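Both complexes shown next keep chain A, but they swap its partner, so chain B is in the first and chain C is in the second.
Entry: the complex of A and B
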């Protein structure tokens, strides 16, 4: 009797890494479209959904802002993920940077002084984001408390602090809307014509990428962060304080995410509206997806960020076409992440059919 | 079954296991290159070869942990494909490795039942219990099966593993360096068990680095070199020189003398332990008031059976474990309960137990692991220097690797060990603390490592404090031998005063 058996075999050579996000994107998109079609009883028209995505693909100049912000957040999170420190607190760090930058622009009295204002917004924004992340790292480092719930819950604290500020002391006085006054135009990042991008954001994106790449590959701290992720015991034996590595990784991670926060405020929002939780573009969370899709390799972060920003823009297109709310995007993102997680295994393993004779 | 029978050409028995042209490639390495060999029922078959020769890869293929890229495997004349340990067990192939895989909190019986239930061997626990008692008797482990595993010594754990293999119905028992760290007495017992097991028509495949052992216990010896079969020799035709030549090829090795007369031990005290008390993981004292002064350039070896406090003592010296009482002084500096970093900065190298867990990061490359050395403690990593140094170390220590940018996980166990030793020995300038410094290394490489340690201690006054489960190594390398038993130093012998029997007696006292 001949019997077939499927076995999982380790590949001699792993698949090139860039293949996986792309395959995941294609398969995930198809699955999401099919799923939505059947779940909505045919009301979700696959053509409109796919059109939304294709349109997004065809208008790269409109994706650039999200692409840049997601790249920065993705790279920031990647730094802590490399150390196996799971920073789910991107949102909180993002908002703390916004709070500090908004304070500089609105209330420091320096908001209208060209160059100084943006410089200070960045410095204070990054410091605030970094400190917020450092705070989250303390229970993990010294008490061994899992950083996932800690960083996650701290996001809500950050939201509520924003809500408090905007509802109370920072509220604009002219119309009494629940928002801050608009930032002085001197503090706005300068738009690159024909795109959604600003010059400063473009530069900051490149800086973030180069910084992370240099940090991880050329500094001792970076090496420790990477080894921390695969074998913390070795660090102890070598004489490295693992608490410090955790704290440094999370703080730097938060600071990089903070760059995105400041840029978001100065490039696009120009004021803060509340409730923060629903007004946020949730880049702190979407960035997790970007970091994962990049397989924690810096050079793939922009690719992953591009794919995700296509989906975000597609979501808007789909909304405009009336084919569903923004949550449709989440179905796409979820499907793609799921397929991706499965495919990652097959970058190192393959399925082989073996014929067995009984 | 007599040996005569095996070789009569007319009625040669079917081999129980045939490996035919098996090839296995890993990225950048051909681990096995058309390996063929046969194992006959009723025999003990030794697999020998230097580090990275492919022995472990081969037995992992037989046990279904790896699958071969090419080639065929026959069990009892039938072609089989083994894709998981479950398949292997079905064909009666069971492997026991160097490190026991038992759950500490469970009892022996629970551990064994766990692995057996899975295969639905027994329905009633009572029956299982009886079987377990019988299996434990067979491997001569006289212990209550209701003892929790964490109370067992390493030796006892290994015997439990072998008992498990028997319960799984092993016909071909594979031991991957599983006997390396057993004390002599236990080894002898186990070897007699092998023959008894073989006489029942089963086979044993043993991987070992001890040639004398291989010659003493095996009916056949197959030698691998760089992924190829060199030869299979039957007992009686094998001599230690012949086997050595097969293993190491042209590299002449003739049991060179380790120690010369070069240099003298200095007068200054480098490491001083004063009434040291250290607790183990379970909160009981594992080191109980040990005191010792070690002088500059002196090599002191701890003889002792695993688990008598050597590990805890070394961890305390390295600042990795709290000292409850007493003092540690390195070069006049009180280092008691100081951070590891502080102690390292005094020029202390450390070869820890369990190199894969505590010594190296296997996900990272060889060069990255070398870069972990405190020597390169600069904000910007001096990669150029590290790459050059890594190349040098690869040459000096004979590390077999496709390159310095290859992840450690692709290297064989021996070569991983060599990388660790090279990093720590090169870093150590005042003191080297080493636990099993030649673990898993082949005879020649182990000799080279010992020689490097010895030379460095003599030429630059490096003080060495090491422990080894290999008594021969302790006796060969040490200026003084300390016997450690139940957390205490029960004997200190100068090199010229060493009496092996006396030491062995103190070890098990």
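Entry: the complex of A and C
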């Protein structure tokens, strides 16, 4: 009798880093297209889906805003992922930055003073996001509580804090809609004509990339973060407290994500609507996809962000039988991310089929 | 309204939360970190809804479809994270996104059909009836059986061993893959059933995105109870009541959002307490929860 057995074995030499993301993108897109084709009973012609993606690809000026925001969030999450601290709380940090920035613009009395308002929005936004992330890091740092559920559940707490503020004290008084007043135009980021991007967002994206690159490669903190991710025992041996590294990594990560929160408010939204848990652009979650697809390399983050922003825009282009872009985009993102999460091990491992004869 | 009425009106929700959180507890006891729970829940809700529309409100068929789909996803996830050294969190979250999407794509045509026929689905518990009592008896019986299964039977010991230290368990002759698949079969079946109950006996409406976040509430209920089937009854009742009556809580001077955020706050506090006090022995998460189970093979 002949028996086949699948065995996972280590490769002698790992595959080049760009191979797996590309394969995952192709296979994931194929799976998503097939799933959508069969589930809608053939109503979603694969050609329409691919046209939607190609259309998004051909109009780069429309994806720039998502591209920039996703790059910032991706870079932010990457900083904590490098330390093997899995920050799933991007959404919460994003919204805390929005809360602080909205407070500056609407209620501090400084919202109409140019330069001061945007500067303060950024400073306070980043501080709030950083503190929210710091809070999430404490249970992991001191008690060893897994940070994944903690950061994840804190997203929902953040949503409800936003809901509380906007439903109650911050509600606009003119029409009594469940939203804040519109931010004063002096605090809006300035649009680059012909695109969805703003000047400030462009600058902040470059700053975030350069900051993260410099931090991780040329500073003591960056070194500690990278060592924490590869071998925390080394840190203990040389006398560095791992809890400090966890706290620093998550706080910096939250602050960088906060840049995206402030930019989203000042570039696009200009006010907060609730319920936050359904009005979110979910960049905190899609940013995870960006960070993972980048193989945790900063130079690949913009590429991954570009691919994901194509998918986001394509989802809006494609409307199947009333199922909005939200669902279609999620099928694409889910399939690609799933295939990637599985295939990523094959850059270091391969499957061998062993034939056993008895 | 007295307390009994408060309980009766929240019963379908409590039942849905309990089934889902119990399923989640059993899956995580076997060492598989289940971040797909919200996606599976939302997909289960959508399947139950569309089946009820297409089959003329056949409740049994709708519930079993939602269970079946949840089981298929659960077995797939469990197989992948046990066979390959992949991140449980990554696979779980990507499945969550995929399920969110599939739920929309599957549910929307049924919703369009419903808007033309005007058919209503599900079954509402009558306030004078005794369905609520049967539900609670079912909850208690299920809780006791699950507790007995996990603590006293061989299967339960195997499931716990796979969660604590799968490599040693394997060395002692436990088939980790098979044990986790059985746990997933039971756990995801319960989750799918919970989602079906939520849709058919509690909300009875559907629109795109319906149920998003409810899976995380069940997740918090499970974590707050330290994945304990009997304690889970208590946390399900508390958070089910709070969620159902979140608008009445305003009368007590508390904002509605506080009631909505409380399960999440409690879950985080519970995790902290269970890790730092003697309760750790019984209620801390399994030691190998979410860790890759992988026996390195030599290159041949």
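One rule holds in what follows: the second predicted complex is superposed on the first by the 323 of 358 C-alpha atoms of A that agree within 3 Å, B and C clash if a C-alpha of one lies under 4 Å from a C-alpha of the other, contacts with A are read in each partner's own complex, and residues count from 1 in each chain.
The definition used in the following text is that a contact is a pair of C-beta atoms (placed from the backbone, for glycine too) under 8 Å apart; a residue touches a chain by one contact, two chains touch by 3 or more.
Bear in mind that the values here come from a model prediction, so they are computed numbers and not experimental data.
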item: Touching partner for A:34 - first (chain B), second (chain C), both, neither; value: neither
item: Contacts of A:327 with chain B and chain C, given as first, second, both or neither; value: second
item: Between chain B and chain C, more extensive residue contact with chain A; value: C
item: Touching partner for A:219 - first (chain B), second (chain C), both, neither; value: first
item: Touching partner for A:154 - first (chain B), second (chain C), both, neither; value: second
item: Touched partner set for A:233, first chain B, second chain C, both or neither; value: first
item: Chain B versus chain C as contact partner of A:241, first or second or both or neither; value: first
item: Touched partner set for A:146, first chain B, second chain C, both or neither; value: second
item: Residues of chain A that lie at the interface with chain B and also at the interface with chain C; value: 7, 9-10, 12, 352, 354
item: Residue numbers on chain A that touch chain C, as the complex places them; value: 6-10, 12, 35-36, 39-41, 86, 88, 139, 143-146, 148-150, 152-154, 156-157, 160-161, 163-164, 167-168, 277-278, 285, 288, 292, 320-324, 326-335, 337-338, 340-342, 344-345, 349, 352, 354
item: Contact footprint of chain A on chain C as seen in their complex; value: 33, 35, 39, 80, 83-87, 89-91, 93-106, 108-109, 111-112, 208-209, 212-213, 216, 219-220, 223, 255-258, 260-261, 264-265, 267-268, 271-272, 275-276, 285, 289-290, 294, 296-300
item: Residue ranges of chain B touching chain A (in the complex, touch as defined); value: 25-27, 66-67, 69, 79, 81, 83-84, 318-320, 339-345, 350, 352, 357-364, 368, 371-374, 376-381, 383
item: Touching residues (chain side chain A, partner chain B) in the complex; value: 5, 7, 9-10, 12-14, 218-223, 226-227, 230-231, 233-241, 352, 354, 356-357
